[in-house]
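Heads up, the thing below is written out as structure tokens.
Order as written gives the chain letters A, B, C, D and E; numbering starts at 1 within each chain.
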Amino acid sequence: MSITPRVKEILSWYGSDSPGTLANLYRLLMTGKLAGTGKLVILPVDQGFEHGPARSFAPNPAGYDPEYHVQLAIEAGCNAYAAPLGFIEAVAAKYAGQIPFILKLNNSDSLSKMGGAPISAVTSSVSEAVRLGCSAIGYTIYPASDARNEQYEALAQLTEEAKAAGLVVVVWSYPRGQGVTKDGETAVDIAAYAAQIAAQLGAHIIKVKPPKDLVELAEAKKVYEKYQIPTKTLAERVRHVVQSAFNGKRIVIFSGGEAKGTEEVLAEIKGIAEGGAFGSIMGRNAFQRPKAEAIKLLADVMKIYGA
Amino acid sequence: MSITPRVKEILSWYGSDSPGTLANLYRLLMTGKLAGTGKLVILPVDQGFEHGPARSFAPNPAGYDPEYHVQLAIEAGCNAYAAPLGFIEAVAAKYAGQIPFILKLNNSDSLSKMGGAPISAVTSSVSEAVRLGCSAIGYTIYPASDARNEQYEALAQLTEEAKAAGLVVVVWSYPRGQGVTKDGETAVDIAAYAAQIAAQLGAHIIKVKPPKDLVELAEAKKVYEKYQIPTKTLAERVRHVVQSAFNGKRIVIFSGGEAKGTEEVLAEIKGIAEGGAFGSIMGRNAFQRPKAEAIKLLADVMKIYGA
Amino acid sequence: MSITPRVKEILSWYGSDSPGTLANLYRLLMTGKLAGTGKLVILPVDQGFEHGPARSFAPNPAGYDPEYHVQLAIEAGCNAYAAPLGFIEAVAAKYAGQIPFILKLNNSDSLSKMGGAPISAVTSSVSEAVRLGCSAIGYTIYPASDARNEQYEALAQLTEEAKAAGLVVVVWSYPRGQGVTKDGETAVDIAAYAAQIAAQLGAHIIKVKPPKDLVELAEAKKVYEKYQIPTKTLAERVRHVVQSAFNGKRIVIFSGGEAKGTEEVLAEIKGIAEGGAFGSIMGRNAFQRPKAEAIKLLADVMKIYGA
Amino acid sequence: MSITPRVKEILSWYGSDSPGTLANLYRLLMTGKLAGTGKLVILPVDQGFEHGPARSFAPNPAGYDPEYHVQLAIEAGCNAYAAPLGFIEAVAAKYAGQIPFILKLNNSDSLSKMGGAPISAVTSSVSEAVRLGCSAIGYTIYPASDARNEQYEALAQLTEEAKAAGLVVVVWSYPRGQGVTKDGETAVDIAAYAAQIAAQLGAHIIKVKPPKDLVELAEAKKVYEKYQIPTKTLAERVRHVVQSAFNGKRIVIFSGGEAKGTEEVLAEIKGIAEGGAFGSIMGRNAFQRPKAEAIKLLADVMKIYGA
Amino acid sequence: MSITPRVKEILSWYGSDSPGTLANLYRLLMTGKLAGTGKLVILPVDQGFEHGPARSFAPNPAGYDPEYHVQLAIEAGCNAYAAPLGFIEAVAAKYAGQIPFILKLNNSDSLSKMGGAPISAVTSSVSEAVRLGCSAIGYTIYPASDARNEQYEALAQLTEEAKAAGLVVVVWSYPRGQGVTKDGETAVDIAAYAAQIAAQLGAHIIKVKPPKDLVELAEAKKVYEKYQIPTKTLAERVRHVVQSAFNGKRIVIFSGGEAKGTEEVLAEIKGIAEGGAFGSIMGRNAFQRPKAEAIKLLADVMKIYGA
């Protein structure tokens, strides 16, 4: 398949990037069932580290095996597969070139009860991503965490290194911590702000959570009311978040969160797609089902995005 | 247009700098409507990061798009355009050479309620500024913050790198934090001290806020009274601040602060210009108006400075 | 002895590693009485540093001498000998090549009563391991320690260096600290999680403690009950921990803990072996007995593993 | 003028230094009215940074201009001119070679009320000193500050770099902080200790404050009494401080402190000179007077030292 | 004098070291009156930094001069001279090659009353030791300090650098801080543990204090009683400490502590020598006496060790 006008247009927004990075962005956009549409569905599997192995893989024990996930991503026609070092390293040589890999560079386990600012450990590096033939690095920031500055600084350095190495930068931007209420973590102003921050930090692809009909910050509330920014429907909110990422000139994708029923998942995806999102990242809802069911669900999701 | 005697004079104050840095300083002084006058009007757009996207761009939604701002700066005849990594990267290739870029190397969002010392995250680097064809780096220090020493040290290192790379160093010197009262942040002694510190740290261009008729520090008060330093009018205070930056041998420009009415803006600029300032940096007052109005306002400002 | 099908299979799981690392993994698997079986018994001697010399060596004073231990490991037919810098350096030249060395890169003494997060000092480096002809580095992490992120980050960097130098990475994964109860340190969910974390961090060989029939974390408990994960016998628990390390595609070995009677030791090893463990690491139970007895015990252990 | 026996003798104490450093030490000792005498009078101007511009320069507004000070130092026949980066950079090219420059590498402003340990910001570097053609670096330590160890470590690194670059190291050793009473900051035992520490840290030239007839530390008091160390006159105390800097084999000079009357200044200098000091460093007492008066005062000071 | 069988034997314990390091160890063992015996007496002079100049040198004012000490060490026939940067640098060129120098890399003054963990400042570096022609570096650790891990890590890095540069590593291992009672700092179990830690960290020569007949740690007490480790006489305790340093295969020397009477000093040395120590390090007891007396005392000490 040769490049489509839409992919050409998207690549044109990243004109300051090197041919190496553009080639990897091309790979992400030209792989799988959504190739050429400008939309992406990515399979991420970092829950073994984040929540522990049994909570992640007991529902579908095939998932204890790192090969299961990369095979699932390939068979389902995903655009990319994202995971921490161990999972990527276990399959990188055997599946080299078959699907773009996103090496998740920081991770957080559930084993500390330490209070204070949310922060993840940096568990790998750009040079490991290069060694393993990855197309992108992934990094999570927690805007609203009191440790956010350290995270922005670490990301800035990794972003510079990644771009110099011709990689794409994917940022998980999850507001969390002392600067925001629990409920406000997915408020629409906060989600839009999270997307803007990731974009200003140089992300090529930004992952946020679907935003709620709620405006968290008092200063922002005045503006949302004065300019009557529509936030009633999920599609409207998604549209505002995408606009907040350089007027839609940065790729913004949405996560699904906790595992839930098929109908709920698809209903949410429809709203997200209608709002102009560039796609979805879907982990537990995919790998915790039996393989055939997962492939069916992912196919339905991709259909919504135009596959 | 060829170099003017005034620009020659200004460049002569930076005799220890490399030809590379002098060439970039020349570009800043020889671009736009004020080219050759020795005055500068700069468009800065870091509010998306600092205050969030809706608060910054909802008043004029064209501003969600990074191209809008660089086009505005060029069309209005500004001397330079300043922004964080994401906004610069989005336009650097397409507008390469058309206007000097200032890469803002540190930024602070409004998402943490953390108390303590004001400090920004370092979100980019000198080598990124070089890669993106920028003429200058920008860096904010908060004198009076308990974290000021870390900031001075970071700036010192970036300044050394920037000069070695032939870039100009622009310092936003904003007193803030535990060493100063809220009211005293723009006291005239504090503003003059802020300008002096930035100059001693090696800044080529210093940005401060317009000073108030107030002397904050007790030790300073004695001196201001004894030597009858005039601080009644804005022009007198600006003159003292400019004097405090190496007797006017460092370029000092002034910001406008919050968006306000056109008459207020122009009245303030007149006072600043009368005091011998080297120009203004104007963000929200420009990009939050419709484009035609913004261009008109900037033209009026430039007229005051002698365009 | 030439390579066996089982060792070939094990090496195939590490396909992303360099020939240098594979060669050292081969050495670990093809040395001693268990050569070729895919099982390992390793002699570790870091107790002099961890507990002090008299507590470690007074029961068998020959152990004050660093040569004693390497000789014991060789004569008993162990797969490898692990120790801190001083002990390895004392014997590395004289016994070069006779047995694979694992340089233990971090260590913790018993001399501080400081509260807070468990953390070890990094006492040596990958380049020292290379200089001393070691086949592997060893590193201890304490998941559930509030300082775990620093440890994961240090390990990530050492792992990258070690792999670039062709070394094997052995991780001691010992949950301990504020995120876990004293009793829960060896709970089966915690041990499985500890193995998963080490695997995701890129460990080639993972060392954990034998797990207890206890599920520590509330979130995990629901899953263990819902999916009826068997944890009654030691063999079942070991099987679950091995599964949690990439479905058995990472080498997981078990420690014995405090010195105890021969029968108890052998009974425990039987359970561990039955659960599919890749072997044992046995320190005090070996070097605190007279040499002949130690060699007999190690021989019995190796027999259980199929020597 | 060719080298004198006294300068030869002084240089012989620095036999482990490189020819580059010896050449710069030679320049310091062979410049100005005191050239060849082995004595030094240095003009330092860091008060703009330390106390603010008006407090420093309003008494003699010519001093706002960086050229004023270097001209004053040259016309008065000083051995060297010391200042922070900005002031040096403003004149380095224009006055290159006309007088040795000492780049003051750390500085502290008066804008923070932060309690705790006194510490300065490192505001420049050895490589900047090299770029600007300086003969020496200057660095302030605060022995008795709880942050003194960080300062000693930073100085140690800068000293090593400076010596490798052929520069001279000048240390301002000012006891201050929680380890000493306000009054004891200039106690004779503390001043002697401060000189010893700077010497042990590798300083070529040590600057301390004139010591008071007071012994601060209880342990020291016993020794001063037992061995009847004379501390009644300023000359005796200065002699003890000079002795404490390697028996007079390191150059020790004294500051004058706050601006005061001419008679007071000269009386103090006489005591200092009588005690065998190597000279004085005189800032505010010089640059806050009209130029002619300053030159007259400096000439009188130099006369006392044998010019 | 050519190498003796005993020195050959000692060197054989360091078989993993480079020829460069072995040559420097040879120099330490083959210099002075004890050359060839395998015993060492070292003169250390860091008290000027640690306690201040008057407390250190007023009893014998010749000691203010750095040349005094190196001459004393040479004339008395010591194996080496140890001091901080300033003292070494003052004599390194003039006395190059005449006696091995040990550059003391960290030091602590008595000027801070800061509570918390004992820690020294790193005041020089391995590259300075190389530049100054030293044979060894010296470094102090405080096991039982809450800051011990930072110290072990700094030492580990310096040790690696020193060995790469062909230098010998001498570690002062002084338990002190929150993990040990004041009385327990020299308990026999603590001293033995301190020797073990230094040995495991890769020290070639270990300096501890003479141990008391006291067992500090409860866990250790059980072992000392059960195995009836003899600790009644100083000789027995020294023997245990030497055994704890790799069964006597690392050089362990003992300090004398505060200045005291000649008889007391010699009595203590006899006990130490009888216990199999490798020698003594003697500072204040030597340099605070008149030179002739000091030489006599050192000669008597050396006689005890077999000179």
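Throughout what follows, a contact is a pair of C-beta atoms (placed from the backbone, for glycine too) under 8 Å apart; a residue touches a chain by one contact, two chains touch by 3 or more.
This one's a predicted model, so the numbers in the text were calculated from it and none came from an experiment.
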{"item": "Third chains touching both chain E and chain C", "value": "none"}
{"item": "Copies chain A and chain B - rotation angle from C-alpha fit, nearest 5 degrees", "value": "70"}
{"item": "Separation of chain D from chain E, taking each centre as the mean of its C-alpha atoms, in whole Å", "value": "36"}
{"item": "Averaged-CA centre spacing for the pair chain C and chain B, given as whole angstrom", "value": "58"}
{"item": "Touching two or more other chains - residue numbers and ranges from chain C", "value": "none"}
{"item": "Chain order around the ring, beginning at chain A and proceeding next to chain B", "value": "A, B, D, E, C"}
{"item": "Touching residues (chain side chain E, partner chain C) in the complex", "value": "13, 15-17, 143-146, 148-150, 152-153, 156-157, 160, 175, 177-180, 189-190, 192-193, 195-197, 199-203, 217, 219-220, 223-224, 226-227, 229, 240, 243-244, 246-247, 249-250"}
{"item": "Touching residues (chain side chain E, partner chain D) in the complex", "value": "48-49, 51-55, 58-59, 61, 64-66, 84-87, 89-94, 107-114, 119-125, 127-128, 132"}
